[in-house]
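For reference, chains read A, B, C, D, E, F, G and H in written order, and residue numbers begin at 1 within each chain.
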Amino acid sequence: MREQYNVFHLAIPCKDLDETVEFYVFKLGCKLARRYADRVTIDFFGDQVVCHLNPESIDPSPRLYPRHFGITFRDKIEFDNLLKLIQIREIPVFTPLFTRFTKTAEEHSSIVLIDPANNLLEFKYYIDPRMMY
Amino acid sequence: MREQYNVFHLAIPCKDLDETVEFYVFKLGCKLARRYADRVTIDFFGDQVVCHLNPESIDPSPRLYPRHFGITFRDKIEFDNLLKLIQIREIPVFTPLFTRFTKTAEEHSSIVLIDPANNLLEFKYYIDPRMMY
Amino acid sequence: MREQYNVFHLAIPCKDLDETVEFYVFKLGCKLARRYADRVTIDFFGDQVVCHLNPESIDPSPRLYPRHFGITFRDKIEFDNLLKLIQIREIPVFTPLFTRFTKTAEEHSSIVLIDPANNLLEFKYYIDPRMMY
Amino acid sequence: MREQYNVFHLAIPCKDLDETVEFYVFKLGCKLARRYADRVTIDFFGDQVVCHLNPESIDPSPRLYPRHFGITFRDKIEFDNLLKLIQIREIPVFTPLFTRFTKTAEEHSSIVLIDPANNLLEFKYYIDPRMMY
Amino acid sequence: MREQYNVFHLAIPCKDLDETVEFYVFKLGCKLARRYADRVTIDFFGDQVVCHLNPESIDPSPRLYPRHFGITFRDKIEFDNLLKLIQIREIPVFTPLFTRFTKTAEEHSSIVLIDPANNLLEFKYYIDPRMMY
Amino acid sequence: MREQYNVFHLAIPCKDLDETVEFYVFKLGCKLARRYADRVTIDFFGDQVVCHLNPESIDPSPRLYPRHFGITFRDKIEFDNLLKLIQIREIPVFTPLFTRFTKTAEEHSSIVLIDPANNLLEFKYYIDPRMMY
Amino acid sequence: MREQYNVFHLAIPCKDLDETVEFYVFKLGCKLARRYADRVTIDFFGDQVVCHLNPESIDPSPRLYPRHFGITFRDKIEFDNLLKLIQIREIPVFTPLFTRFTKTAEEHSSIVLIDPANNLLEFKYYIDPRMMY
Amino acid sequence: MREQYNVFHLAIPCKDLDETVEFYVFKLGCKLARRYADRVTIDFFGDQVVCHLNPESIDPSPRLYPRHFGITFRDKIEFDNLLKLIQIREIPVFTPLFTRFTKTAEEHSSIVLIDPANNLLEFKYYIDPRMMY
């Protein structure tokens, strides 16, 4: 279990600040914490994602491995709420909902989104929360 | 404030599983959660970092922007303990301790580490915790 | 003590959405949760303030009583951090830092800010937290 | 998520202290924290509402926008308990239970009460708690 | 909501230390914290009850009002578990399970036990936890 | 450690409801939860004290043993704040601040108050919080 | 209720470090915290188990009494998840799932595992969590 | 960080129930949870230690490795309070206070007690709490 008052932060590239805010804040429902000329910082499910304006670092052909990020939810209802949000707001999906590691202890549901700068976001829900790590 | 029972997860490339475990577990003091033939998963300060064996994705000339990750600590003592650990265990430093945004509300201390696969880890401490995002 | 997962919400008028975001997000360090054509919603120190575009409801000559709102902090450091922020970012002050009810059990420090729509924000710190109500 | 030990405070006008106590304490089930000659302070669902005796500031024709306040509950049971309380104790309703933003992610249930000084209180419950802000 | 780390303490008379331990520890499932020649202290559902050897203070004809004490449970399952315990261990009941204030907001279930020194213990469960006070 | 959401409740006699509210709410800074013709219920430091109008049950010559009640504070600052409150508001003291069990592990500070119905309230602070029970 | 930030630690013998890691980390899903030449330390469900290389201390004919250790879960789902894990990963069982103290307040489910060094691990779930001690 | 509502349990041998209660409850300040003819169960700093009457399993010449147990405290004050308790109540010490792993990240203070059945109890305090595992 992590410390509630600390924050994980992740810096990633983006190619346009407005479309970044549109995706993370107005689509995904995160909060905008700060905005500078060269970056926006997002309160991403309680952690921090900083999107740096850096169009040349965009991956033109993104694959899930080895780079992606996201949240693993403890309660299924949070995962389901996110699935509904994705549908209602038509958030771009990279890999639709699927189950990984079926019939093992690590079995979990997953969906992968893609942001406007081709960063991949994976959200997961494990049947057994001890396997979240 | 983030939800204590959820987990942020980040997938990054590595080039050798043993040296990855050496760096994250035996140097940085994180816990090893799982190990497969192609990856190790780390309990990274309560969140999850998955290191995928993917030597071809290693960045040969890493820069801090736009990609890095880490923890922003709420309590200064946690940050100071990490600084001591870095010194005692001679963990590779990419950018030594410095202060960013001096004399602004966003003022914070930062140190950047580099893992064996050239991933950059930034740890931070803000004087005003409201600025952590 | 309040319930951490509930949210207090307050709706107030504003006269321009951009200046509202400027004041609450970029000055006061709150987070922008949502923005519509007629309102913005702010994550105000963990509670919700909704600023409705309603220029005709602006009070031209605001007084502290009977309408204002704000946060009473439990830890003095949070109050002090806010005072520093006000100074560094030159946030408009309506009533400078003062002490109210000196030598009574209800003694507390207070500062009153004014937002671009003449709404008054009072932030307080009580020596005895039992008196916060 | 807000800080459990801090308190949101809101100052509003009232026109009679006894009827204010009757409404907030004996009807709505809040707790009376303090009473002075010119005001009462209420522990309003864990936050603080201060009702200042100020009959001349009463809004004779209250509308929901742009000024109202209330609590957004995380658990539906808390919202339902309040609905039952309103019925049992016949608390004055300004707008009966309705659903706002149907079929969007922001969908929520709402009921609006009116206190003896024409202040409007809105209580809400969101299907997706991430949309509470 | 009360502070988890503080303790409510209540001192009551008892007429025999062994029978007191038998009732509170071995019947009611509380924990024995300390025992002196003239008293035992009990960890009573997380609070402290001190039973002082004082046979002359025993009330020969106990009534529920005005003196009794007990716990109001937030979760019904805790109340139900206690009811089962009372049945299984045949703990002396003063007033069997009943409902008080039916059809009001304050409606709650209650059971009253009697300890070997005629102290009365009331355990309650409210449908609406806001009415617990 | 006790469960934060449960409530300890204690019923005691009083001889006048107004003076009871005066003592518990306006002197001691507790909150008034409910008031009926025959009783008032107090949010007493997060627990519940119910004062039943029952003048004939008043103890004319109160002694500390075997009946009294109160709070044992975990943090010294809470105890000190209460001592200040007692002084500022001139709350009736039955036994001034003293130290009990000096030079033992159970050493603690204590002060005993007396309410208008001769109920005795003891507030304590232990150097070693493990001894609070 | 125990203190979340403290750790119970238990030192036990093992006869091979690799098989110890295999059992505790890769079978039982615990995390590896540290590994030295003569011991491994395990984050065992949030507490610490240190396995010291000490083959001569292995009990050749282990019995459940008087030495064993384990976790008593508060939520049944955690216990059930562990039962599933044991089945999926074919973790060695010493005593299959059984019920102890049927029809008493102390009734609980239990399963006993055996590690490669013949240490016995008991996991339990009580119907009434007050009986967990 | 461990789950507050779960309990670590440890079963150990003892040779006399009364002396076991004397040591754990009246010396060490733990709470007695249950007592049967063949065992006592102790609330040991929030976890559970069960002492089974099993004189033949007593280790006549106890050594610290490989079997011992105890608590690692997060806050130094808790460790210091225990040291004071040991002194005041003259609790039998097996190894006086010492420092282990000096000048490494794992540096910690430790004291080892011995119970009447020769079980060894180690209490520790780490400068860097991340090293507690």
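Note that a contact is a pair of C-beta atoms (placed from the backbone, for glycine too) under 8 Å apart; a residue touches a chain by one contact, two chains touch by 3 or more.
Being a predicted model, the structure only gives us computed values, none of them experimental.
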{"item": "Winner on C-beta contact pairs when A-G is weighed against A-B", "value": "A-B"}
{"item": "Rounded Å distance between chain A and chain C, as computed from the means of their C-alpha atoms", "value": "31"}
{"item": "Approximate Å spacing (C-alpha centroids) for the pair chain F, chain H", "value": "35"}
{"item": "Distance from the mean Cα position of chain G to that of chain D, given in whole angstrom", "value": "50"}
{"item": "Contacts with 2+ other chains: residues of chain E", "value": "1-3, 31, 33-34, 43, 46, 78, 129, 133"}
{"item": "Touch relationships between chains, expressed as pairs", "value": "A-B, A-C, A-D, A-G, A-H, B-C, B-D, B-G, B-H, C-D, C-E, C-F, D-E, D-F, E-F, E-G, E-H, F-G, F-H, G-H"}
{"item": "Chain D to chain C touching residues, read off their complex", "value": "1-14, 33-34, 41-43, 45-48, 52, 54, 57, 64-75, 78, 106, 122, 124, 129, 132-133"}
{"item": "Residues of chain E that touch chain H when the two form their complex", "value": "25-26, 31-35, 43"}
{"item": "Touching residues (chain side chain C, partner chain E) in the complex", "value": "1-3"}
{"item": "Of chain H, residues touching chain F in the complex", "value": "29, 31, 46, 78, 81, 84-85, 88-89"}
{"item": "Residues of chain C that touch chain F when the two form their complex", "value": "1, 103-105, 127-131, 133"}
